[in-house]
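Order as written gives the chain letters A, B and C; numbering starts at 1 within each chain.
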Amino acid sequence: MKFWLFGCLLVAVSIQAETFQQNSQYCLVCHGSKAQGNVAISAPNLAILPDWYLTAQLRAFQSDWRGHQSTDAYSKEMMAVAKSMSPEEIKRAIDFITTFQVSKTVETLDGDISHGKALFQTCAACHGASAEGNQSLGAPPLAGQYSWYLLRQLQAYRSGQRGNAEQDSKGAVMKQIASSLNSEQDLNDIVAYINTLALPSTDVKN
Amino acid sequence: MNKSTLTLGALVPLAFLAGYYLTSSGPAAPVYTAEISYGGGAAVGGNAKKSVLNSMPTGTVHAVKDGQLIMDAVKAAKPGDVIQVWPGNYTETVYIDKDNIRLSGVIVEGKRPRLFGDGHLNDAILYSGNNIVIENFLITKYKGNGIMGQAGNNFEIRNNIIEDTGVYGIFPQLGENGIVEHNVVSGIEDAAIYIGMSDHIHVANNEVFDSVAGIEIENSRHAIVENNFVHNNTGGILAFVTPGLPIKDTVDVIIRNNWISTNNTKNFGAEGSMVAGIPAGTGVLIMAADKVIIEDNLILGNKTAGIIITDHQNAPNTTLDPESDPTPDEIMILNNLMYNNGYDTITEAKVLLTTELKQGNPDILRVGASNGSCINNPQQYISAGVSDWPACAFSNTDTIVNYLLDEPAAPRSVDVEDKGKYAYLGICTGCHAYTGRLIGPPVQVIQSLYMDDPQALAAYIANPVKKREDYPAMPKQDYLDEETRQAVALYMLSVKN
Amino acid sequence: MTNPDNKQMNADGLSRRQALLWIGKAAGSAAMLQAATLLGLVAAPVAAQAEPVKLKPLTTGRKTVLILGAGISGLVAAYELGKAGYQCKILEASHRAGGRNFTIRHGDFIDELGNPQFCNFDKDPDLYFNAGPARIPAHHTAILHYCREFGVEMQLFCNHNKNCYTQDDKAFGGKAVRIREYEADTRGFFSELMAKSIQSQAKLDAPFDQIDRQKLIEFCRAYGDLSSDFTYEGSERAGYQSGGILSPGVLKTPRALADLLQSDFWAGAMHFGELSDQSAALMTPVGGMDKIVDAFLSRLPGTVQLKAQVQKVQVVPQGVEVSYWLDGQLQVEQADYCLNCIPAQLMAGIENNFPADYVGVMRQLQRGKLSKIALQAKERFWEKEQIYSGISWTSQDITQIWYPSHGMFKAKGILLGAYSWDPAISDRFSAMTNQQRIATAIAQGSKLHPDYAKYIEQGNSICWQRMNHMLGCGAVWSEELLKTSFATLQAPVGSHYMVGDQVSYHPGWQEGAVRSAWHAMESIQQRELQKQRQEAV
């Protein structure tokens, strides 16, 4: 069970190879020991995400689609990490992450859930009625994701910090949809509603 | 009360009255007689409307026999022609994009021409022409629509039997001046008869059953629904405003003299769709529609409630549309016979009754706001939410025979620039609201997906691929020519609500 | 001072809270907290006890202790508990011990997430920089206790050097000014103002009415170096314009008070060296702060397991069970006690069975954001500018330039080219690559030293909020959280203790780490003594 190494291993000075942590469960440092995310680090829940979405997002970070224009320091952190990873490392990291059971920390969020539910009908077209995600549309599961993270991403799409890159067609879809929402309150209500949805089952994930 | 008696008389499908008499000598073209049907109506007097068409067909009669394709005759036909379809099995989609065509089944000793979708075809009959008559068919096993009008004006759809056919049985979309009568429609996943974004419509003497919604008047104006037998659906008769459609209101609807009974069928609508939110056991459902008169109906044995009146906020699976007024205003409940409704109602109804210190099974439930509404003789019903409604200023609608036009409506523009618009309104919006889920995903989402690539959207329309597990597959729209597909794709990407 | 939350504006439109930021957390939020105490914003915390911990030899049989993290608190715990007879094991997630006590020299690896670097400074014992703690004030008796006990050789460390510069784009046309000049002139002007206002009044009001008027005026003269008529006409404290040795010294013309006040230097940096944690004389180990780590490690052979990443911490009836990754395998180990030095923000993401309020505090602690950029200069050009050690200040993002307190007259030296503790600034640095950071440091430093770029050969940077297995510098407690939840995090859960500078009123300082470990060990000792008494009965 070797998990992924530093990307810089390839470029690093060879004399120092000993100092690297060859077996580090690197992703878990920020994303929590079960890949469940960590609010204190502002790291999202990865355990709910399927392999295809994780792959796509690492690619997005590598290609400057995510993080590049952001004023959000957290996405910059992830961008730097993603850029240090080779395709083989990405594959190994994702194989590792997807071994974790889906889990979620209970959150409470103030928001008008019924209004959020009404607004969510639009989201459901791609993300599914239970926010379980849809691979053929590239729409990730949302159920089980942290509210603060969803909110931050919706804001990033609205402000154009995410979904702005020319080749990022999936991001552009989200950007346009997020821009059609009227207010911060709308975002909050949608997220409050998503927060009430049950976790996707593990077989959906795999 | 003599109207109720009349209603009872009209409940038996009178199909045979409307058919042709045929000699047994074979497929000789029958002699055409004028006024082959009548347009029903509350007053079966001399003023009943017979037809929305001004003239009888004058052109050629094309006969289609078993083993031939109806579509071949349609292609050959010119405006004014009659296409006579003889009994037999026809597995095809008929698409009429011409005006003044009469598509007429020939019934021989009770045998009708049978349009059979074989479980894989989407639509039986589509028309986008004006002045279209469709009659005397048996339609079964299609996935999408039995008969769908796409922005055609002056239509008559009568005397058809539609069974187990997809999402909509009879669905005139964006039509003006039309009659839907003497049809028997059953086993439909959404609405058996669905009047969408239309004006001046008459829906009479139909039997609809075993469907999710019996008769649905949606985002339409000036419609009368009368003398229908509506039973064993999830919801009987619905007057709706669906948010997110280009036509924003439903106004002036009369629902009278219908027999609306035991609409207690478990809801089998597609999950997440708006009709999937209808509680089983709903006799009449008014959502956000204005000026709806409910008069002289027999409403019996609907387990949730006889009549439910709601605004958008309280309805499940609805999105909000800032341009739609979410409130049902000026709802007028005149005399109705309501009996044995609400015996197995929803918790919300019980709560509502309790707040009014009432007990029993609700005939009428009103939730959310409603302005300017009235009710006559409310004491005869068990109701919640209408106790502060005043009496109506009138007791019947006898003076309104129908809302049909005196002269046929002018055809819609066929300019290229309007092509996309009417295809959009007439076809796409049948399943796609701007926001929220109707049948397919919202237009807003589609816009985001295709944004500046109408070619890709046009290509998808012609050859859709199923992408969403919980949505029905989109039917191919390849009967539309390339120019129209391109135009509608462009239009769809440009609409703002 | 009726409502401390109101932004009380100072003369230059700078609120006290902004001033506070300026003083900042130059070495962690403790400085901030202390400054706040000085400014009357919070109550002063009770000073910790001075006596070093003295654990009695263990008499209750074999006791095992798992210590999570080989930073200063973990090392102190292993050392003291080991001496008393406890069996200790330290699990350290990274490739090295020391935690934030990290001295970077030739060949060292800086394990920053997504931005790993090696240090390419020349191989020379004087070419290093302390990426974490760099100075120890005299009243940090706990950490000094170990320096003394281990014989760690110490030297003086200079924070405040009047020959260093202050540079603010808003003042003096953006040109750097010697701190001595700035300080002499401002003190001079204010003393003059004071002296003249005393002179002009026939009678002093309370509370000055009992004071010897002449003494007060003389105080002003002495404080500001005023002339005989109580005017400030410049002072040799500002340095001579010319002369002073073989010819008479020529005073510099005082800068205008209006110009002096344009700079933000007075709002915080000018008084930085007055803070109790920052004032002379400070000390630092000769050869790098990690000499302290080395001293601990040489006394703890075989105790530290590196590259052991904790996966799960469970409080169990017998003590604590810890699961961790080692060489890609999940290991499980139980112990009677667990001292957990994992940064709270990381622990919040590690599976555990702690009570909700305990984890709740960890989730609320903010990651400390702090960046340093070290530059190797091929020539000690600052010595030519009569700067030996100390700190120059600038209003640019780099905030400070440190000149080494050691290695005078040697060929090369390591400058600290940036030291930023403002979270917004640190975010800007952390978003850059190492090369961009160095380029930024050089560009901004050039406003203080015009030929700066010419001398800088290479550099390394560290953004603590991005360091692997740490993800933060000193924990950031809000005043409110400190009030409501400090005790919660400090109290044990079963046999599990959270320790480290994060569980002290002095986060960001080794003193906090040592004291926190002492505090936990005293609690453990109490529990063992109680057991002993119970067994005796």
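As a convention for this text, a residue touches a chain if its C-beta (ideal position, glycine included) is under 8 Å from a C-beta of that chain, and two chains touch if they have at least 3 such contacts.
A quick note: this is a predicted structure, and the numbers were derived from the prediction, not measured.
Chemist: What kind of graph do the touching chains make: line, ring, star, complete, other?
Modeler: If you draw each chain as a dot and join those that touch, you get an open line.
Chemist: Going by C-alpha centres, which chain is most central here?
Modeler: Answer by centroid distance: A.
Chemist: For subunit A versus subunit C, what separation do you get between their C-alpha means, in angstrom?
Modeler: About 35 Å, centre to centre.
Chemist: From the C-alpha centre of subunit B to that of subunit C, how far is it in Å?
Modeler: 75
Chemist: Between subunit A and subunit B, what's the gap in Å when you average each chain's C-alpha atoms?
Modeler: Taking the average C-alpha coordinate of subunit A and of subunit B, the gap between them is 44 Å.
Chemist: Send over the residues of subunit A in touch with two or more other chains.
Modeler: Residues of subunit A touching two or more partner chains: there are none.
Chemist: For subunit B, which residues are in contact with subunit A within the complex?
Modeler: 271-272, 312-313, 317-320, 435-437, 441-442, 444-445, 447-449, 451, 467-471
Chemist: Quick check: in the complex, which residue numbers of subunit A touch subunit B?
Modeler: Subunit A residues touching subunit B: 114-115, 118-119, 121-122, 124-126, 128-129, 134, 136-137, 172-174, 176-177, 180.
Chemist: Would you tell me which residues of subunit C are touching subunit A in their complex?
Modeler: Residues of subunit C touching subunit A: 93-96, 107, 109, 111, 113-116, 118, 307, 309-312, 325-329, 344-346, 348-351, 362-367, 427, 430-431, 433, 465-466, 468-469, 471.
Chemist: Please name which positions on subunit A make contact with subunit C in the complex.
Modeler: So the residues of subunit A in touch with subunit C come to 1-3, 6, 8, 12-13, 15-16, 19-26, 28-34, 36-41, 43, 73, 76-84.
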